[in-house]
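Structures follow.
In what follows, chain A forms one complex with chain B and a second complex with chain C.
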Partner chain A sequence: MKRKTNLSATFALLPTWLVAVVVFIGTMAWSINLSFTNSTIFPSSTYVGFAQYAKLFSSAKWLASLQNVLIFGVLYVGGCLLLGFLLAAALDRKIRFESAFRTIFLYPYAMSFVVTGLIWQWMLNPTLGIQASVRSLGWESFVLDWVVNRDLAIYALVLAGVWQGAGLVMVIALAGMRGIEAEQWKAARIDGIPVWRIYVSIILPQLGPALAAAGMLLAMGVIKTYDIVVAMTNGGPGNATEVPAKFIMDNLFGRQNLGLATAGATVLVLGVIMIVAPFRYAMHMHSKARGAR
Partner chain B sequence: MARLHPNGPKPTQITAGRIGLYVFLLVAVLFFTLPLYTMVVTSLKTMDEIRLGQIFSLPSKLDFSAWTTAWSGACMGTVCVGIRSGFWNSLAITIPSVALSVFVGAVNGYALSLWRPRGASVLFGLLMAGGLIPYQIFLYPMVRAMATVGLYNSLAGIILVHVIFGLPLVTLLFRNYFVSVPEELCKAARVDGAGFWRIFFEIMLPIAVPMVVVVSMLQFTGIWNDFLLGLVFAGRDNLPMTVQLNNIVNTTMGERTYNVNMAATILTALVPLAIYFLSGRWFVRGIAAGAVKG
Partner chain C sequence: MKNMMKLFLAGVAFAGFLTTAQAEDKPTIEMLSSWTSGGEAAAINVIKTEFEKRGGVWKDSSIAGFGAADAAFQNRVVAGDPPGAKQGVIGLAAADFVSQGLFNSIDDVAKAGKWADVLPKSILDLISYDGQTYLVPTGAHGESWVFYSKEAFAKAGIAEEPKTWDEFFAGLDKLKAAGLVPVAWGGQPWQQSKVFNMVLLSQVGIDGFLKIYVDKDKSEASVEGVKKTLAILHKLHGYIDDGAAGRNWNDATAMLITAKAGVQFMGDWAKGEFTVAGKEAGKDYGCMIVPESPGMVYIADSFYFPKTGNAETDKAQKLLAEVVMDPAVQVEFSLKKGSVPARSDVDKSKLDACAQKGVELMSAGAIVPDQAIVLTPQQVGALDDFVDEYWNSGSDDTAAAAENFFAIFE
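This part shows the complex of A and B:
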């Protein structure tokens, strides 16, 4: 289209420009600026350098929340990818009632993290949940007390998260598998390669980019993890399930510690960049390599 | 190999591998459905029956009182009015937010892909970056800015916030959709003297109806399921259902009424679940389209 007559187009994009510049750039700059001040309840203009960051990284709660989100993130993303891939591979084997299975595996993804957290809080309830049911069957020593156990509470979050998110990976992986040419299958079967080897050595590498995109999507969710923790454990027991996003929210609105909260938020943004940048780079190299072929 | 026909006839021979496959799938079905089953049966039991500690047993007698309590009598702290106001709040928040964000996103996608005014790629890059960044970094300045213009803790305020934070994804999906529209279509219309808005409303929007449906569903589910933004921006009178649900379940004084909690949880999940089950394939298209944004 010619450039001179698109005044309306420019005009139509004005609100979005406003959002991008004022909200996305403006408020972020404001927050980052606050993280270098000694602001508490109200913003202050006394700059203290990196003091808030020093305070942040000497806070046991923040360090615990970083550790927790790392454990949660690795197991949640890994768990979703593994289970999602297995489900997709199983459904790819000419299964009866495939669409019914697919519907069942994906429905949790339609539900909110709050709902997911509350469901699993109830399932794992140590006095009335699964533990009580199994014990009443006669296995008296059965223990499933994850939500109230300091060492295991984080795994309860992983369980709930994988239950909610595995279906997403399944959908993406299954779409990828359906795109693989029948010729490759024929060739591999003629060579006598067992089915599981075909999935691991031939199909998995081809699904790499799609699975990487799904993994990145899930990893972005990990950094934002908040609702599911609030609903399921509220950070407890102790600091066992504290996460950075919750630490920031608590300091913003509960403890009125603006400087510390914005320092934490800035660290989160850096975390996102650290996840996205290598992925983008890999995608870039991938498409370059393809173009050169 | 009938690989291109996954819904074709069932293979005739039954091998150990096939049996293992179905066993795996059935175990997976149990894992995915047990929580939903448990919620439903718990919500239909009396507290006396729940105290027996048989979470998987069927209710001895169907008791719907937990549902009525959850809807109109459950307590949040000391206020006992049930979750129904949250339901209406969520509708009041979600419907205008979806309509506005889909409209603005469609216009954006159309302008960015078919008109490409100066700075289009910069704007698109900014939007995409904004979509990746955690909300926490925007929250405090947003609260202050909203308070300054009198929108903090108001229905209009929370709707505006949802529209703003929905823009990156919605714009992306529409841009990708309109990129595949032949440019000649737009050019021909312009030769006939149609302007930016006429082409949008009379040609592009009708073409994009499938995308409008997909994106609306995606946005509806996303905004309905939101917790964080509703908690911060909606204000006490407009708290969405998710926030009220969490308040009912996690700030109870005295004994927890698990049957009421589960009924309230199901009620909160009902709208997105209905969308999912009634429109399965569209929903899948939506999340597949959303997932390729990486």
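This part shows the complex of A and C:
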């Protein structure tokens, strides 16, 4: 009897397994395989060893894209967590119109990155946006040209990204704060601890898991950053905001260079594994240690 | 299991019914193009109107930006669901598709229409692969143009078209002094590469240009020419405005139409925008070939006809090829698009002052092909990267940059 249930359960799971193996692992293996060929627009079976990888890492554009995604990733995740936490703490003070503010702060997250990107592009464009309006009011020397400035364009992306992502962190953090018992507040008040200190030393440590989850969600978005860049700067000026996902897409389609694109994708996957694997391992060890206790 | 089988058979029968139902319909073509700006849309509409007049059904799948359209097209080809027709440039860009057997030949239409007698040989060669004609040319574009706003020139006190680069830069200084944006710059890589090419042609001449791009020649003379070109580009960088980065070409043209800017380097499709805005060539705006240039860079557009496995679509493709090559359509299309008709036997009297100049250069053979015709897409991408990086770096180390230029052919 037991055996039969197992069999039908296995049978029921078969489609899921098939999807997992064929769609995820199969296509991944296929991509990695292609990265060792000289494929251009269509897959070829002429193997060229690591030539595509050598080409990839001699490309200034690819190297710039790695650096950019690192800068963007750190500042975007960090900025969202910080701003999101501050917003949550502000809303947690039982202010009036709390739900209205909550909606306003979360609203950007409901928007597509393309919309966010376009809005910020227009606002930061020196001939159309904020700079032009302020100058027309009389402040002639006012400068706000992040989007077209080679050194600052990447920070313009961060600004737009944080504006969009902070709301998500706020909601998660706020939910965590509401879960904290009122007793703790009372106790802290009696001890005469200032409010900011309560948030930093008492609330924040308890929000650890919630913030880690929010950070993980944002970090996954960083790897596939593409739409906001295309909408806002299209990788420019020069290489200033080029990102790996865009590099791969450009080579996959516009430049008909399947080999180079799949090499880039493989490097990206390796990068993700390198970051995620130690994290997973630590989690695993952590839960094991807990189990032993 | 039996039920499943029945369902399956019913499905097959239903699908069969659908295809027969479709077969009785008119020849339908799905057109995937990137022609979406005002002038471009008006031009493709000429073809659409004539196609529908001859009994065809037109389904529009336009996507703005030819890179985006290319990506969508490639995706659909790989997925086995190509559109009936795709707009694209002639030459190497289509070669891979043809050699993989993904496109339909329209050789019988070409033979029946005697295309060999009415098309310039250079264009005929670039739409044929292994002796078979695959593409139908819609028109040719000159890409060595400097457009200028007559109003802006009058404001700055420039009386004559500058003939040399020295005079040109003197003119830009006057525009700047008059408080105008001297150069309406479109800061996208493909636009910048086109400016690089037109300046390069003015520095190395027709033979020198072909030597560099076709023979990949790296002699002293070629390197010198590239260095001089880069020096001119560096100088031009001082005459653009803050909003240039990432600007669309038609937005740059709008700056000329409103007389906010003086000149724009662009292909002659920019005329389409002037026309839509009700501006007239020679009266409201002027056009000149880049200073010191002995000829012009050209590119020609065409339609590709992917194999769809549908006999009706094949018929529609042939009808479309006939429509595009119709002499009246060729002229009307070129007037709207700002191009030069691909057919050489059409009535040229209707063309505007700028197109007349272009026709002259073309019939004199003073033309060189655009990079998209003679380079692979990978090399075109590398050229875009090179020019974009040099332009934005603000460096004037032309010797080092010239080294990088010749690396794009590797």
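Just so it is clear, the second predicted complex is superposed on the first by the 263 of 293 C-alpha atoms of A that agree within 3 Å, B and C clash if a C-alpha of one lies under 4 Å from a C-alpha of the other, contacts with A are read in each partner's own complex, and residues count from 1 in each chain.
Criterion: a contact is a pair of C-beta atoms (placed from the backbone, for glycine too) under 8 Å apart; a residue touches a chain by one contact, two chains touch by 3 or more.
As the structure is a computational prediction, the values presented were derived from the model and not from experiment.
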item	value
Simultaneous placement of chain C and chain B on chain A, clash or fit	clash
Which superposed partner A:R150 touches (first chain B, second chain C, both, neither)	second
First (chain B), second (chain C), both or neither touched by A:L128	both
Touched partner set for A:M220, first chain B, second chain C, both or neither	first
Partner chain(s) touched by A:F253 [first = chain B, second = chain C, both, neither]	both
First (chain B), second (chain C), both or neither touched by A:T40	second
First (chain B), second (chain C), both or neither touched by A:V19	first
Residue contacts with chain A in the superposition, chain B compared against chain C	B
Partner chain in contact with A:A182 - chain B first, chain C second, else both or neither	first
First, second, both or neither for A:N234, with chain B first and chain C second	both
From 181-189, 253-261 or 271-279, the chain B stretch with C-alpha clashes against chain C	253-261
Doubly contacted chain A residues - partners chain C and chain B	121, 125, 127-128, 234, 249, 252-253
Chain A residues within the chain C interface of the complex	40-42, 60-61, 121, 125-128, 131, 145, 147-148, 150, 233-234, 236-240, 249-257, 260
Chain B to chain A touching residues, read off their complex	1-4, 6-8, 10-11, 17, 21-22, 24-25, 28-29, 31-36, 38-39, 42, 50-51, 53-56, 104, 107-108, 111-112, 114-120, 123, 126-127, 129-130, 132-142, 145, 164, 167, 171, 183, 186-187, 190, 195-197, 221, 224-228, 232, 242, 245-246, 249-250, 258, 261-262, 265, 268-269, 272-273, 275-277, 280, 283-284, 287-288, 291-294
Chain A-facing residues of chain C, complex	67, 70-71, 74-75, 78, 96-97, 100, 187-189, 241-246, 376-378, 380-381, 385, 388-389, 391-393
Contact set on chain A toward chain B in their complex	1, 3, 6, 8-10, 12-13, 15-17, 19-21, 23-28, 30-32, 34, 83, 86-87, 90-96, 98-99, 101-115, 118-123, 125, 127-130, 132-133, 135-136, 163, 167-168, 171-172, 175, 178, 182, 185-186, 189, 195, 212-214, 216-217, 220, 223-224, 226-227, 230-231, 234, 245, 248-249, 252-253, 258, 261-262, 264-266, 268-269, 272, 276, 279, 283
